[in-house]
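Look at the two complexes coming up: chain A is in both, with chain B in one and chain C in the other.
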Partner chain A sequence: MDLDTLLSFKWSVMAPEFIILGVATLLSLIDLFMKKESSRKPLAWLAGAGVLAALVAIFMQLDLEVTSILYDTYRLDSFSKAFKILLLLGTLLVLVLAASYKKEDIEENRGEFYYLLLSALLGAMMMASSADLITLFVGLELLSLSSYIMAGLERRNKRSNESAFKYVVSGGIATAITLFGISYVFGLTGETNLFMIAQNMQEPELLKHGFLLMFAFIIMFAGLTFKIAAAPLHMWAPDVYEGAPVPVTAFLSVVSKTAGFVILLRVIIITFIAAPGINSDNILLQVQPYIMALAAATMIIGNVTALRQRNIKRMFAYSSIAQAGYILVPFVSNSSLLFELIWFYLLAYLFMNIGAFTIIQILTAQEKSNDISIFRGLFKRSPWLAVPMTFFLLSLAGIPVTAGFVGKFGIFMGALGLEPAHYWLAAVMMATTLVSYLYYFNVIAVMFFRDGEGAKVSVPSGMAAILAFCAVSTIVLGVMPDLALDFFYGNFDINEFFMNIEAVDTHTH
Partner chain B sequence: MNTWLLSILIFSPLLGVLVLMFIPSHDEKSIKWLGVLGTLFPLGIALVVLSAFNIAEEGLQLAERFSWISYEVFQSKGEVKYPIFYEVGVNGLSMVLILLTAVVSVLAAIASFSIKQNWKSYFILFFLLEMGMLGVFAAQNLFLFFIFFEITLIPMFFLIGRWGYLEREKAAYSFLIYNGVGSAILLIVFVALFMKTGTMNFEQLAYTLSLPQAELNQLFITKGFKMGMLIALLIAFAVKLPVFPLHSWMVRVHVQAPPAIVMIHSGILLKIGAYGVIVFGAGMFPEQFKSLAFIIGLFGVINLLYGAFLALTQTDVKRVLAYSSVSHMGIVLIGLAAVNESGMTGAVFQVVSHGLISALLFFLVGALYDRAGSSELSAFGGVAKRMPILAGIFLAGGLASLGLPGMSGFISEFMAFLGLFEKMPVLAAVGTLGLILTAVYVLRAVLAITFGAEKDLHKADDLSSSERIPAFVLLAAILFIGIYPAWLSDMLRPTLDAILLGLGG
Partner chain C sequence: MLQMSWLIPLFPLLSFILLLLFRKSKSESTAWIGVLLTGLSLVMSVGVCLAVWQGEGIKTEGTWFQIGERAITMGFEVNPLNALMLVIVSLVSFLVHLYSKGYMHGDERFGVFFAYLGLFSFAMLGLVLSPNLLQLYMFWELVGLGSFLLIGFYYFKPEAKAAAKKAFVMTRIGDVGLFIGMVLLFWQVGSFEYDEIFATVKNGDISDGMLTLTALCIFVGAVGKSGQLPLHTWLPDAMEGPTPVSALIHAATMVAAGVYLVAAMYPLFQASEAALTVVAVVGGLTAIFAASIGLMQKDIKRVLAYSTVSQLGYMMLALGASGYVAGIFHLTTHAFFKALLFLAAGSVIHAVHTQNIEEMGGLWKKLRLTGPLFLIGALAISGVPLLSGFFSKDEILASTYADGKYGLFWLAVIAAFMTAFYMFRLFFLVFTGEARQEKKDGQKDVHESPSVMTFPMIVLGVLAVVAGYLNTTWFGTFLSDYLARGPVELPHGDHHGPVWIPLVATLASLLGIGLAYLIYQRGTLSRDWITRSFPGLSDVIYNKWYIDEGYDQTVVKGTTGLSKLGALFDRYVVEGLVTAVTTGVQRLGRIGSRLQNGQVQSYGTAAIFGIVILLLIVALTGGYFS
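Right after this comes the complex of A and B.
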């Protein structure tokens, strides 16, 4: 690649990534030159400003046509825009949450936290915007490595250390599994570009190797589900969620999970959409039982285990495993519902989960405990915390007039939509949702029905802003989901997702 | 034509919520009076709606329809739209139930004067509950129905769990889980119907489902699918009604919830089950409904007898009434199973009549509990001497419950059984045994309380003036329907005729 080609690319499409990269670099430099004892709080605002600028940049790109540079290793289509908005929004909220984080332990490392968060975000954004297995993998690793360090940020906290270590080890295994699967795909098709892979999948020669393809699919899928904490690779989540500082937990459960779904959609749907499985039938139809079993297992394990948790962070870890199970259900829907349902659910999930984690953060910091009893009598002590928390819990449980309900309703539409309708999967989802009522309502019961001693809880203004924003969004999206859906339909074109413009380009050159 | 009347009615309880927000939570008196005013306002609007409602006219009235949510789906067939509308409207049946809701809510708000603490959050939840109930009956599509249906669950959970008696939390959980199962099944059915037909509107659905089978096959709606949907619907509403063996939660709620909430629960919320069976079951799957009629009737008779037998052996008057509700809901099923005009009319009459009677009886039980600190039958005796008015109304309520002619209970039981005798005489004959049992357990409970040796009560005042209003109003309504049933049957006739037409007469 010579300089002319390099300059001929439309680099402007990468503006959001450049902003994040620039701010992250700047932060690491400033951190280096700041006095050791001076507060790192200004860095949070700088990081926040960077994320906000990137968000604005994405909104300015909304009208752009699908563009691809660097031979499809970076591509800007409506899919990447739609999901990058989620990633940036999630990170922005996590940043505000972190800026109000009062724990003394983290103070000395604060600078690191901010630029690690941004580099993780950069990895996630690359995952949303790439159509090449190599860059997708690099993005995934950038996200993972940054997350490993963030999980261990509280150096003097044993649990934090333990969680980081567990995360690294299990994350490494998952990466190995993913790579193993990718090696099969590469071996069979000789390509790393997703569109070229999809094209080569049609080769008659491959019809003989349906079994191998199926094997590759299952291995790759399994490896990639690590990030979304789906069974059977979910074991890391409770330990990591419990040990990591709350802002990191919020980031892992929302942004990192979103990125996990993004890469699943990209890799799985583009490459395997027309691939032959055993007996040369469509592979995506053939693996449906496998995906369904995985989703069902995730929902069951997550919800049933959450029942037994007394530790609120562990409970939310299992809850977020269960939620990942719900979001896996649309993968069997065979229609464009797949994208809109996952997008909407992740949006709803972003608000309700970050909102809930904010309250968990406030309470665990004040009471120095993670037990559910810290919620005792919260309604009497601080109604302005108890009421939003109730909204978030109701939304997580999927009760109407909240965004979570609309999300779940949509997922049902996906499961019961095209023939054959997946009644038993819907039934499993409904049954596990009922199980989830027990532990979500248990928190509500503790807040409203029990008397609590404990002092009045003080809420920093940054957190109050997050709470208000998340609570309002949860309700507004529950009452008027069209606000988000219209935006999605207006800016998302499923054809762009499958459009291989690189192939067109090479022909014209 | 869009008038805003119905929407104003549905959301009118929110005005109460709004006003309450600005009242300091320790100001007991203002909160309680605002609680009553807040329910009077919807009642006033309900009366306006009633005056705008044309009894003679068939079909939906005062309908409103706005676009709400639209899903666009690309699939192999191309782009398909799945629109969801906000649509409300009333027909005769829902008009009657809306009126019932508005009236019972006012009276329950008055009964709520006996609530001892946290009045502000109590009434806020109370208003939300009322909004949910009004919405359920006015909703004209599955989505909206489901949303309002669920809206009633959450305030109920709090109202039982926070203000109930000793085992309130257990009762709240069993309420939540049982009803959760019901609404879970409901949601699956609703979404499945939506995805197959592309509409959620009641009328359009009924029309689509009545298309010839050849056309339905193109939509992948087979006979088996319809039957499956109907059975799932019946199970879902059987939880709500409740039908034996899914009734245990309801007994628990009736025993543990505060009396004012039980008035609402037994008076209106249980009726959503009956309403659902009529509108969705008989209205949308008439053929399948007819083929299941015997089983429905059988469950009706089982409910009637089982409830009556258990009511006979209870020592707590709340439990007597709870099982009596189980028993009386059996009569609704019996009427529906008849699948003819008198049976259907009887079922709906029973819905309304039992709504009034059980509200009255639970109100009086609440008043008795205030005086004795217990609701065990053995705690009472000779109430008639010290509190003649309370005892008199209690007796009158009991007589209405056992179906004394001249009161609303008689008309409904008579019609329901008349209908069933026409179709399934043997089953009906077995069922009539239940009526005898009813007389026995009602009189046993009433007599044990009102007559006999006088027991010490810590407060032995007769009904106070604020207690008399609900009691007299309910009794008057019971008598009115008993003496002049034509008013109610005129309201219901067009709606029931339409459903019967679908059922094939």
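Right after this comes the complex of A and C.
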């Protein structure tokens, strides 16, 4: 590749990534030259400004056509724009949450946290914007490695250390599994570009290797479920969520999970959409029962185990496993609404989960406990915390007039609206949702039906802002889901996802 | 007028919001906000109902959101059925608000209580105005949420907390059915709109199997909400809420929602004979089963609770037996007399501070207003001629008979007998005889409730008498003419069964009352009378005892046995099933958390094993080894 080709690329499309990269670098330099005692709060604002700028850059790109540079290792299409908005928005909220984090232990490490968060975000954005297995994998690892460190950020806290260690080991296993699956795909097709892989999958030669492809699919899929914390790679989540500082937990459960779904969609759908499986039938249809089983197992494990948790962070870890199970349902049912359903649910999930974690953060910091009893009589003590928390819990449970209901309703409709309808998967989803009422409503009951001894809770203004924003969004999206859906339909054309522009390019060259 | 009918549910919502803001206020005059706003709803509802009476109707809708190519709509609709429901709901809600002003006097969370009442009324009114199933479902859930807050209002009592949770979860089981039925219908019809569903059903575009399946799924929702067998267990427990709440939940709102749902979706049910039969059988069995349990309860509110379950069974029976008008008619009359009974019971509890009927007695002379009003309610529910319950129950019996469901017909007659018996057992034990409760030190004398409480009861008392004349063979069938203008094609034009049916019904109710009189009234009276005035007349005593024993051996033993059987069934079979499910889920949870032992090695092992098992299954089912 000569300089001319390099310069001929439209680098401007990478503006959001460049901004994040630049700010992260800047932060690490500033941190280096700052006095040890001085507060790192300005870094938080700088990081926040960077994320905001990247968000603005994406909004300015909304009208851009599909663009690809570096031979599809980076591509800007509707899919990447839609999901990068979620990633950036989530990170922004996490940043505000972290800026108000009061624990003393983290004070000396703070600087690191902000640029690690940004580098993790950068990895996640690359996962959304690439159509090449190598870049995708590098993005995944960038996200993972940054997350491992963040989980162990409270150096003197044993729990935090344990959490980081477990995360590294489980993550390592998951990476190995994913790579193993990728190597099969590469071996069978000889390509790393997703579109080229898809093309080569049509080769008649491959028809003989239906089983190998099925294996490759399942291994790769299972490996990628690590990030979304779905079965069988979900077990790290409760331990890591419990031990990590709350902002990190919020990041893992929202941004990292969204990134996990992004890479899953990108890799699985593009490469396997027309691939032959056993007896040369479509592989996506053939693996459906297995993904369905995984989705069902995830919903069941998450919801049923959450029932027994007294520790609020663990309970939310299982709840987030269960939520991943719900989002896998449209993935399984392969409906034409796949992208908007997942996007909307992740958006709703972003608000309700970050909102809930903010309140958990406030309460655990004040009461020095993770037990569910910290919610005792919250309605009486601080109604302005209890009411938003109720919204978030109702939304997580999928009760009407909340964003969570609309999301779940859409997923449910999608599962039953196809021929053949996935009755039993829908039934599992309804039944486990019913189970989830028990633990979500337990928290509500504790807030409303118990007298609390605790003192009045003070809320830092940054957190109050997140709470207000998340609570209002949860309700507004529940009442007027069209706000988000119209935005989606108006700005994103999901056909771009399947458009192989690079192939056209190589023809003209 | 009709264009503004969407305002009706918003008044209680406004009340909810205002009262939440003023909840810190110590003044109890905040209650007037709730009373006033529900009063406005009532006035508007009556106006709307009158307009509909004159043949008007309205349906307004707009797109709520669009997903893919499907537009999901929202709006409101007024038709004869829901206009009638609007009046019933807002009237009972208004009266309950007024009554609560006196009943909840001095409660620490007085304002919050009224706020919850507002939320609950809002949800129910919204449910009734919904023009499509999805919107109905959303309000349906909101009703559940409101009941959760209201039943658990006395949260410092562990029973109340448990009851609130139970009510929520039990009804949610039904909701799952409703939700699945609703979505299945959507994919058959392409819309949640009632009109379009009915049109599609009428055109025969849905297969018979699917019709029955969706109708039954929706019925499951109604079973949960209306406390039908086997999902009824939450309803008696819900008595842990304050008494006005019981009146609201049991008379006009939550439990009526199930009956309303079946009525609103009636064309769907009509299309499936099997679904109608299921509705009728469940209704009939619930009616007699709950009535038998009611015979033995000692808590005044629990007797009324089982009576509600039983009466709801009647309504379902009527709907299942093609007695659409009969079902709605009974829903209307029941709303009045059951609200009356609950409010009167509340007034009694307010006066004597106990709910155990064995500790009450002789209250007739002390509660000059409550006593006669309770009597009116009891007479109405027992089906004594000329009162409202008589006409509606008679119509249910007639339609059941006309539909050829003779077995269910006789079950309903027996249940009518039991109803009369337990109601008058209650009446005699509470109001006649001597006071059986020792007065505790410092306790105030038994006194009548303040007028803010008696006024609603008087209104309901009048309605409990006259509501029956809405639909009689003598004065005119106003209600059926009115309902005939709705979207439902009435099954039988005029089905007043044989003349002997009202006679049998009257006989059954009089027998029940007479028996209760003999056991609880004359039995005790004569014993007192003998011991005081004629201590020597042992013959009479013996004779009395003989009669008592005779009753004891036959009727009482029989009914006791029946009732015990019912209670046993309730405890061991129904509760057992519920416990089995819950413990099963808990076990699963325990296994799950045991696997989660904190050892990262085992997580890795689990992951690898999971994948290997998946691969093995792929290989085996795909025929790799063959």
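Just so it is clear, the second predicted complex is superposed on the first by the 509 of 509 C-alpha atoms of A that agree within 3 Å, B and C clash if a C-alpha of one lies under 4 Å from a C-alpha of the other, contacts with A are read in each partner's own complex, and residues count from 1 in each chain.
The rule is short, and it goes like this: a contact is a pair of C-beta atoms (placed from the backbone, for glycine too) under 8 Å apart; a residue touches a chain by one contact, two chains touch by 3 or more.
Quick caveat, the model's predicted, so the values are computed rather than measured.
Set against each other, chain B and chain C touch different numbers of residues in chain A, with C touching more.
Look at A:Gly190: by the touch rule set out above, it reaches neither chain B nor chain C. Contact with both chain B and chain C is seen for A:Leu416 once the two complexes are overlaid on the shared chain.
Contacts of A:Ile494 after superposition: chain B is touched, whereas chain C is not reached. When the two complexes are overlaid on their common chain A, residue A:Ala427 makes contact with chain B and with chain C alike.
Legend: residue contacts after superposition of the two complexes on their common chain; A:Pro42 is shown touching neither chain B nor chain C. In the superposition on chain A, contact of A:Leu485 is made with both chain B and chain C.
On chain A, the surface patch touched by chain B in one complex and by chain C in the other comprises residues 336-337, 340, 394, 399-401, 405-406, 409-410, 412-413, 416-417, 421, 426-427, 430-431, 434, 437-438, 441, 445, 448-449, 480-482, 485, 489.
Looking at the complex, you find that chain C touches chain A at residues 63-68, 70, 134, 137-139, 141-142, 145, 148-149, 152, 155-156, 161, 164-165, 168-169, 172-173, 176, 179-180, 183-184, 186-187, 585-586, 588-590, 592-593, 595-596, 598, 600, 602-604, 606-611, 614-615, 617-619, 622-624.
Looking at the complex, you find that chain A touches chain B at residues 334-337, 340, 379, 394, 399-401, 405-406, 409-410, 412-413, 416-419, 421, 423, 426-427, 430-431, 433-434, 437-438, 441, 445, 448-449, 480-482, 485, 489, 494.
Interface of chain A with chain C (complex): residues 165-166, 169-170, 173-174, 177, 210-211, 214-215, 218-219, 222, 231-233, 235-236, 238-239, 278, 290, 293-294, 300-301, 304-309, 336-337, 340-341, 394, 399-401, 405-406, 409-410, 412-413, 416-417, 421, 426-427, 430-431, 434-435, 437-438, 441, 445, 448-451, 480-482, 485-486, 489. Listing the residues of chain B that touch chain A in their complex gives 68-76, 82, 121, 143, 146-147, 150-151, 153-154, 157-158, 161-162, 168-169, 172-173, 176-177, 180-181, 184-185, 187-188, 191-192, 194-195, 220.
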